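You will see two complexes here that share subunit A, one where it goes with subunit B and one where it goes with subunit C.
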Partner chain A sequence: METTSEPPLDAKSDVTNQLVDFQWKLGMAVSSDTCRSLKYPYVAVMLKVADHSGQVKTKCFEMTIPQFQNFYRQFKEIAAVIETV
Partner chain B sequence: MLLALSEEHKEHLSFLPQVDSAVVAEFGRIAVEFLRRGANPKIYEGAARKLNVSSDTVQHGVEGLTYLLTESSKLMISELDFQDSVFVLGFSEELNKLLLQLYLDNRKEIRTILSELAPSLPSYHNLEWRLDVQLASRSLRQQIKPAVTIKLHLNQNGDHNTKVLQTDPATLLHLVQQLEQALEEMKTNHCRRVVRNIK
Partner chain C sequence: MAAGELEGGKTLSGLLNALAQDTFHGYPGITEELLRSQLYPEVAPEEFRPFLAKMRGILKSIASADMDFNQLEAFLTAQTKKQGGITSDQAAVISKFWKSHKTKIRESLMNQSRWNSGLRGLSWRVDGKSQSRHSAQIHTPVAIIELELGKYGQESEFLCLEFDEVKVNQILKTLSEVEESISTLISQPN
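Now for the complex of A and B:
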């Protein structure tokens, strides 16, 4: 998942979108308008996806630590399956 | 200010003197209902059958009346101007008086309805905020970077949508200063004079 200036096209790119960039950050929410004293860690992910015409769209989302651990586990499973193929 | 009625409009309205005043009053009521709730073609057919004319004639008559009322209300023309504008149609004294009364009775409500047709920008509904501290990112570990995340709830024509924004505390302070400055403007002599004149 390298950042390239032009998304590498392959046979599937007419149908699905290409992942162009995957940025993440780890933050901790310390205060909000509903709760003045928080200690809430989260992972924020910013995905850049290019469709078949080359237009890049950005999608941001946040995950709690348990959600992120589940997310991570999915990728570990994918990697494990790839090993066996 | 006089209304300039097109030839087509005058033709549509020429149906009105052919029926008696009770019918014109009923058409007036239908016209205002049309503005409140939208057209109902079934009413035209029923009236056409009763009056023994085509439903197109009835529809044109009512629409002509509606347009007369909306244009007069839009421009807020005076009684005298309304009477003069209608005079060119060559209607009877009685019909002219009826139309004038119809205009004066419904003017305020029609203006309220017309004011709702102006385009509306999204308006503020609610603001939620959160103070975050960024501890690490893909490119840099061991950070302490404060940020404010804001969820702005907006209303537009009845639908809600939200925008999520993020900024650092310095920019937020600047934003707050700019907004306070905008509010301060209300207290200047110029603004006070304008507001007094509108009231």
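Now for the complex of A and C:
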């Protein structure tokens, strides 16, 4: 029995990308011109992603520690679900 | 009548709230004249201006130093003893304000100092196995993850990523390394 092979995208972006590389660093913001005592750790991520044509783009973003923990928790959920499918 | 003598705690609280909205949370349109006319209508503009500047300066100093409650009390006490400083009633109002708004103001300061995109949201779904009569290949389950990214004050950008099970587990391993790093950092004395 034939079923559709391409999942319909209801996502807000038009294109799904493949993750080519995931780099990370853990940083500590110490001080800034607007705040002398910042003192917060953050996780900086650099993703390399390839679209359908093979073109590779770099995307960088940062997460606070609570955001990272939520990110990690979501990936664990995804892993649990994908295992059972 | 001087601004300092005029207000009750509630008015100064309102002023501090508006100042925080303007200075830290980026709320537009909070002008000096708006504040004066709404909160201190009986105070002359030329008198209100230095009063406003003083309050804004105090709030910025407290936020910038991320004062704990001991530092806050010491700082405010010093302000009450200064020439042209604040009254002890005003000090009490400011102290109460900082204690209840500190977390939110800190969060805004953190957001303002992040010049990269932040992670605003994450949604995902897992698509199941499918097979085709005409193709020998069985499609493996795939996770589709949508990241919502955005720089401070700018609109979101959405990034859609596809992962198979192998990839998901690779990422999970990387994330556990990140978590280990975080644990090490947190367990170290400052």
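Convention: the second predicted complex is superposed on the first by the 70 of 85 C-alpha atoms of A that agree within 3 Å, B and C clash if a C-alpha of one lies under 4 Å from a C-alpha of the other, contacts with A are read in each partner's own complex, and residues count from 1 in each chain.
As a convention for this text, contacts are C-beta pairs under 8 Å (C-beta built on N, C-alpha and C of every residue); 3 or more make two chains touch, one makes a residue touch a chain.
What you see is a predicted model; the values in this text were computed from it and never measured.
S.K.: Once the structures are superposed on A, label A:Gln55 by its partner contacts, choosing first (subunit B), second (subunit C), both or neither.
M.R.: A:Gln55 sits against neither subunit B nor subunit C.
S.K.: Thinking of the overlay built on chain A, is A:Trp24 touched by subunit B (first), by subunit C (second), by both, or by neither?
M.R.: After superposition on chain A, A:Trp24 lies in contact with both partners, subunit B and subunit C.
S.K.: Contacts for A:Ala79 in the overlay, against subunit B (first) and subunit C (second): which applies, first, second, both or neither?
M.R.: So A:Ala79 only meets subunit C here.
S.K.: Just subunit B (first), just subunit C (second), both, or neither: which does A:Ser32 touch?
M.R.: It touches subunit B and subunit C both.
S.K.: Tell me which touches more residues of subunit A here: subunit C or subunit B.
M.R.: Counted on subunit A, the partner with more touching residues turns out to be C.
S.K.: What part of subunit A is shared between its subunit B contacts and its subunit C contacts?
M.R.: In subunit A, residues 22, 24, 26, 28-29, 32, 34, 41, 60 are touched by subunit B and also by subunit C.
S.K.: If we count contacts the way the header does, which residues on subunit B are in touch with subunit A in the complex?
M.R.: Against subunit A, subunit B makes touches at 127-138, 147, 149, 164.
S.K.: In the complex formed with subunit C, which residues of subunit A make contact?
M.R.: Interface residues on the subunit A side: 1-5, 7, 9, 11-13, 15-19, 22, 24, 26, 28-29, 32, 34-44, 47, 49, 59-65, 67-72, 74-76, 78-79, 81-83, 85.
S.K.: Note which residues of subunit C are touching subunit A in the complex, please.
M.R.: Going through subunit C, the ones touching subunit A are 63-66, 109-110, 112-114, 116-119, 122, 124, 126-134, 139, 141-149, 158-163, 165, 167-169, 171-172, 174-176, 178-179, 181-182, 185-186.
S.K.: What does subunit A use to touch subunit B in their complex?
M.R.: Touch list, subunit A to subunit B: 22-34, 41, 60.
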